[in-house]
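Below are two complexes that have chain A in common, paired first with chain B and then with chain C.
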Partner chain A sequence: MRKVLVLLVLALLVAGVTAQAAEKKMKIGFVYVSPVGDAGYSYAHDVARKAIEALPGVEVKFLESVKEGADSERVFLKMARNKYDLIFGTSFGYMNPMLKVAKKFPNTVFMHCSGYETSKNMGNYFGRMYQARYLSGMVAGSMTKSNVLGYVAAFPMPEVIRGINAFALGAQAVNPKAQVRVVWTKTWYDPAIEKEGAKSLLDVGADVIAQHQDSPGPQEAAEERGVYSIGYNTDMSSFAPKAHLVAPIWNWAPYYIEVLNSVKDGTWKSGSTWNGLAEGVVDLSPMSDMVPADVKATVLARRSEIKKGDYVVFSGPVKDQSGTVRIADGVVPSDQDLLKMGWFVEGVIGTTK
Partner chain B sequence: MFDLTIRKRQESLGWTAVLIYSGAVAMALLFSAGLLFFQGNSPIEGLSLLLEGAFGSSYAIEDCLIKAIPIYLCALGVAIAFKLQIWNIGAEGQFALGAIGATWVAITFPGHSSWVMIPSMMAAAFLCGGLWGVIPAVLKLKANANEIIVTLMLNYIAILILDYLVYGPWKSPDSFGFPMTQEFSSGAIIGKIGETNLNWGLLICLISGLVIYIFFKFTVMGFELKASGENVRAARYARFPYGRLVIISMLLSGAFAGWAGFVEASATLNRLQPTIMVGYGYTAIVVAWLARLNPFYIGISSFLLAGLRVGVENLQLELQVPAAFGEIMEGLILLTILAGTFFINYRFVRRPRP
Partner chain C sequence: MTPDILIPLLAATVQSGTPILFATLGAIFCEKSGVLNLGVEGIMAVGALAGFAVSYYTGSVWFGFLAGGLAGMLMGGVHGVVCLGFLGNQVVSGLALTILGVGLANYLGTPLIGLSASGFVPVDLPLLARIPFLGPIFFQQDPLVYVSYGVPVGMWYFFKYTRAGLRLRAAGENPDAALAAGIHSVNYRWLGVLCGGFFMGLGGAYLSLAYTHMWANHLTSGRGWIAVALVIFAFWNPLRAVAGAYLFGGVMAFQFRLQASGTHIPSSFLLMLPYVLTLSVLVFSSWKGGSSATPQALGVNIEPAD
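Entry: the complex of A and B
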């Protein structure tokens, strides 16, 4: 009888241990293209990673400064082999390497930011940053005296072109004379080159500098010349307290937690997600005190209109640089058209090459 | 009392050299361990994670070999020019041109079998990379232009050409405006070796290394090249065809870098896109020097460097140290090995005071 009891106790113990083992931690990996300390794009993703790390039952790791192409493929492969449950890759150039690895590891969920490929276990996501850029364009258009807005931009790809166009439309909405001058740096993160790019725009008369870059270089250039600036990614006011008016910013945490939970309870499905102001993934940072109260009120009113769906940023008529109507009156362009956007709206000075 | 003076060594050191280099690496690892310790991590755990990530499993070795392939080809290329004391800093641009040449073949004549595609892509990469190397050689001979400047500047031009092509005429129609060509047809992709993740680019490395070894060891031109590198004036006096040697060494130098570009585009990316440029051409210069320009040692040093870079990823992932740690470690190792080279070439001699 005693033996039976001992055996029973042992069996219970074993069962308990196995139950505990089954409740193992979920492994989540983040892969960034630039260092997380850059106050920019990767930093914004990493803020969300830290929010996830604070949740129970997860083990979160990240790798920074991972080059696109072969290096990223190896990193995804490594994470998948180590049985990660969920992997986020946040740079466009990770798309094809991730797709290759995803096909070999069906039990891992892959999430790619800013691309277009999907597979059974790989989804993509991005944010409608153009909505926030439109609002920041309204601020810039209201504050300029010379009516020349400078825009330091990374690469002539749809994401960046779309942002420039939205910025220009926002500026023109409050100031029909506003024009946007674009300079391409062909870098995502190079403080020196990006600062020089901003200076070249200041030399042609720009008095507000906006940027699609991950370094605060352009902000510093504006601060030094005593003109205004519009940040990007995160609130960059600490880099240029006397110049920084507002920044269109990322807020990834709610979406990432949503993805994590859906993977956890098995409801995750592959697909493309493109959330905007309404879901809170993009937004405006608090506006500086240099922005007059009436401008703030106009911008915030438009913000809530966009949020509610009462106003659509690229609704026609929208003309391109040559004056041809590209989006007809009353037409709302499809997401496909927005994702492929390769032309500048009227009032933008620069080329998309 | 006595003074210390520095004398150049006359005799070769043999196995002691191995000892000095191992000591150098050990010292760099010791410094790195110290850094880990100050960051609050266990140095032993850190270093074992590094080694495990680099060489601890068949996957790891595979990853290192894949990463070493382009580095090896570029380094073999620059070593040929360096032997002649032609300072080719342009492997990066020659790499880009090789990728461009191979891509042109791949997207202009799609649909052929790999027996046709791979050799013609190799030929195109050889020609494009090689000719990009010949430009500075001709400028050096005809206009006395410094090849360091010219090769460096040609790197920027090559990358701009690549950008122009992938942002412009070669942009895939279904890439949503993103800069990349369409995916190569299956015939234009270098296959994997058996069940592994390794590609047949490894074979190109082995054959190229062997050919260059034989070239320097057993051919007249190889001898002329080596001898001219050691003393240009003597070579001219001996009526070696110096001009021709410069052209040929730069042609080969560029061609091998071009092959690296071909392998990266075909086997790894399966298309051409700007992300192909990650600086192998510059890494190659360091690797070639560490290996003292010997094809066999270049193999070892590119494998070890690849191992370091792959291993550091493991260290980063497990201990969450910053990415800069890997770069610091790489810098430390290069520095200590360079210091070690000094002891291999020179020795301290005690000289009593008169």
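Entry: the complex of A and C
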């Protein structure tokens, strides 16, 4: 009897071990700079994380509110030591810590969002949000009555400046008289300050408020004053149902799944990816019923032109604030030029400092 | 400046000054009793979270406001236990309270990020709101701003004309002499610490209930420290605190409007202004002899009489 029992236990153990080996899951980590509940940037990444979690054969973990710099290095190091196969870091300031850790752990694939460094096992990626911002600018330009659009912006860096320029070009495409006034808050998530910034724009006559921050503070200001607003990151209409017209949004899931599959079957290669509307990583949220049907149609037509490559947002002639031609007639600037953009187009009022 | 620019600017001044005003008054109340409290920032953060959470779960903004004050009082109680119970160093305890309060609020508040709760909205006061110029600035605000008009006057009256107010001041000026006159200074210091914490908590709650209607990490963003500096600017006088708070609110509101009007001054410089003002205020107050208004026993613990 005892022998039978021992055999049985042994058999079970062997079975268990083989089953585990077969079920070896792929470990994927996500590191975010802000809380996932922010209804903004990190939330958009987390929506994709949830989509991955639903796939078979993966073990997904995320860490939120991880500070850039030394704190993030510790987090990446720990994940790499725990033999994660793939780690996504979604904030600019994670770039150097990630690069350092990536060199020590060649068997882990690191993916960094919004930076420029790459190494053998570290790639970077971002989205051409400016394309979606251009479309949201068209909506804003069509809806304004005062021809003053307010833009509450985070930090004067190329990503934000490029977004403001695209927004202004979109607005001018449907309304040549439209001007964009910019206020810098130097914050990514501070509802109080960002709301105050929006209010100051409303006080100088803006009747549509757009934003490049992650908090819905500016949306609230627009809702209270009874004017229109353009969201960012995700559909923000729940914060300002009477104001929110549309939002340029992120849709990371298809790209993340693509990266995941390439790592799984060993075809992943390091490099830089800058996808846009065509690949679906950026898009427009559904437009509000307040937007007239003909405006919707114009915007959606332009959307499919950009998608097909028939229309390019930044193509000459484009003048800067002082009226000097910065992109000559017929010229399409390279991605390198776009990534370094540090000047405002004509019709934007504000400083880039 | 034309009125249509000036009036919104001044109305925004009052609104952005109000949270600082509540916090400054709390700090004055606490320091008048002789207890230095550098934990304003942390107490405000906890007050802001408590205010938002209670408003979110009960649906009552006034409960939320009260909860913000009570949470501030609780945090003040921690300071009291350390400084009055165990005679701990008031500076160290206050700094620890800031770190604790901000951390605690961020930790407990994580599930509440991105939610919206009901908050205070502007209500025009009958008749007063129609006064030209002053009406839109002072009397078309949210109810908490109206509350903030009463508190400084009440506090000033309390210090000057009530027995408890005089005794509280005695505890801050010369607790030994007060003891000789039969006043239990420690009890009045407890009053100062708890009520001071209550007002600081209200200041926090204003941020999450009226200024915005949401909770975010680091919502207080340094306002508590500005309040600490304003106490000195106000020479510990609740009425002067109003001027100080509005001065800061004004600079904050003004720099954004300057940006929106299309100035060429770099935004980094403009965003620095409130903090430059903080420094100048401290220099100015010291030069004007503000230190003579300091409660004489501020920061000095009362040794148990044995």
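Assume the second predicted complex is superposed on the first by the 331 of 353 C-alpha atoms of A that agree within 3 Å, B and C clash if a C-alpha of one lies under 4 Å from a C-alpha of the other, contacts with A are read in each partner's own complex, and residues count from 1 in each chain.
One rule holds for everything that comes next: a contact is a pair of C-beta atoms (placed from the backbone, for glycine too) under 8 Å apart; a residue touches a chain by one contact, two chains touch by 3 or more.
From a predicted model like this one, the values you see are computed outputs, not experimental measurements.
Participant: Based on the superposed arrangement, let me know which partner A:Pro35 touches: chain B (first), chain C (second), both, or neither?
Facilitator: A:Pro35 sits against chain B and chain C alike.
Participant: Given the touch rule stated above, what does A:Lys340 touch, chain B (first), chain C (second), both, or neither?
Facilitator: first
Participant: When the two structures are overlaid on chain A, which partner does A:Asn96 contact: first (chain B), second (chain C), both, or neither?
Facilitator: In the superposed model, A:Asn96 contacts chain B only, not chain C.
Participant: With the two structures laid over each other on chain A, which partner does A:Ser200 touch: chain B (first), chain C (second), both, or neither?
Facilitator: Only chain C; A:Ser200 stays clear of chain B.
Participant: Is A:Val75 touching anything from chain B or chain C once the two structures are fitted on A? First, second, both or neither.
Facilitator: First partner only.
Participant: Looking at A:Lys296 after the superposition, I want to know if it touches chain B, chain C, both of them or none. Which is it: first, second, both, neither?
Facilitator: In the superposition, A:Lys296 touches no partner, neither chain B nor chain C.
Participant: Thinking of the overlay built on chain A, is A:Lys186 touched by chain B (first), by chain C (second), by both, or by neither?
Facilitator: both
Participant: Would you check which partner chain A:Pro156 touches, where first means chain B only, second means chain C only, and both and neither mean what they say?
Facilitator: In the superposition, A:Pro156 touches chain B and chain C alike.
Participant: For A:Lys353, decide between first (touching chain B), second (touching chain C), both and neither.
Facilitator: Both: A:Lys353 reaches chain B and chain C.
Participant: Starting from the residues of chain A touching chain B, keep only those that also touch chain C in the other complex, and list them.
Facilitator: Common to the two interfaces on chain A: residues 35, 37, 64-65, 156, 186, 353.
Participant: Please give the residue numbers of chain C that touch chain A in the complex, ascending.
Facilitator: Listed in rising order, the residues of chain C that touch chain A are 5, 8-9, 12, 16, 106, 110-116, 121, 207, 211-214, 216-219, 221, 252-253, 256-257, 259-268, 271.
Participant: Taking the touch rule as given, give the residues of chain A at its contact with chain C in the complex, in rising order.
Facilitator: That would be residues 35, 37-40, 43, 64-65, 150, 156, 181-187, 189-193, 195-197, 199-201, 203-204, 206, 215-217, 220, 224, 238-239, 349-351, 353 of chain A.
Participant: Under the touch definition given earlier, write down the residues of chain A that touch chain B in their complex.
Facilitator: My answer: residues 29, 35, 37, 61-71, 73-75, 77-79, 81, 92-93, 96, 115-116, 155-158, 161, 186, 339-342, 353.
Participant: Would you mind writing out the residues of chain B in touch with chain A in their complex?
Facilitator: Residues in contact with chain A: 59, 63, 66-67, 163, 167-168, 176-179, 197, 264, 268-271, 273, 275-276, 278, 310, 313-314, 316-318, 320, 322-324.
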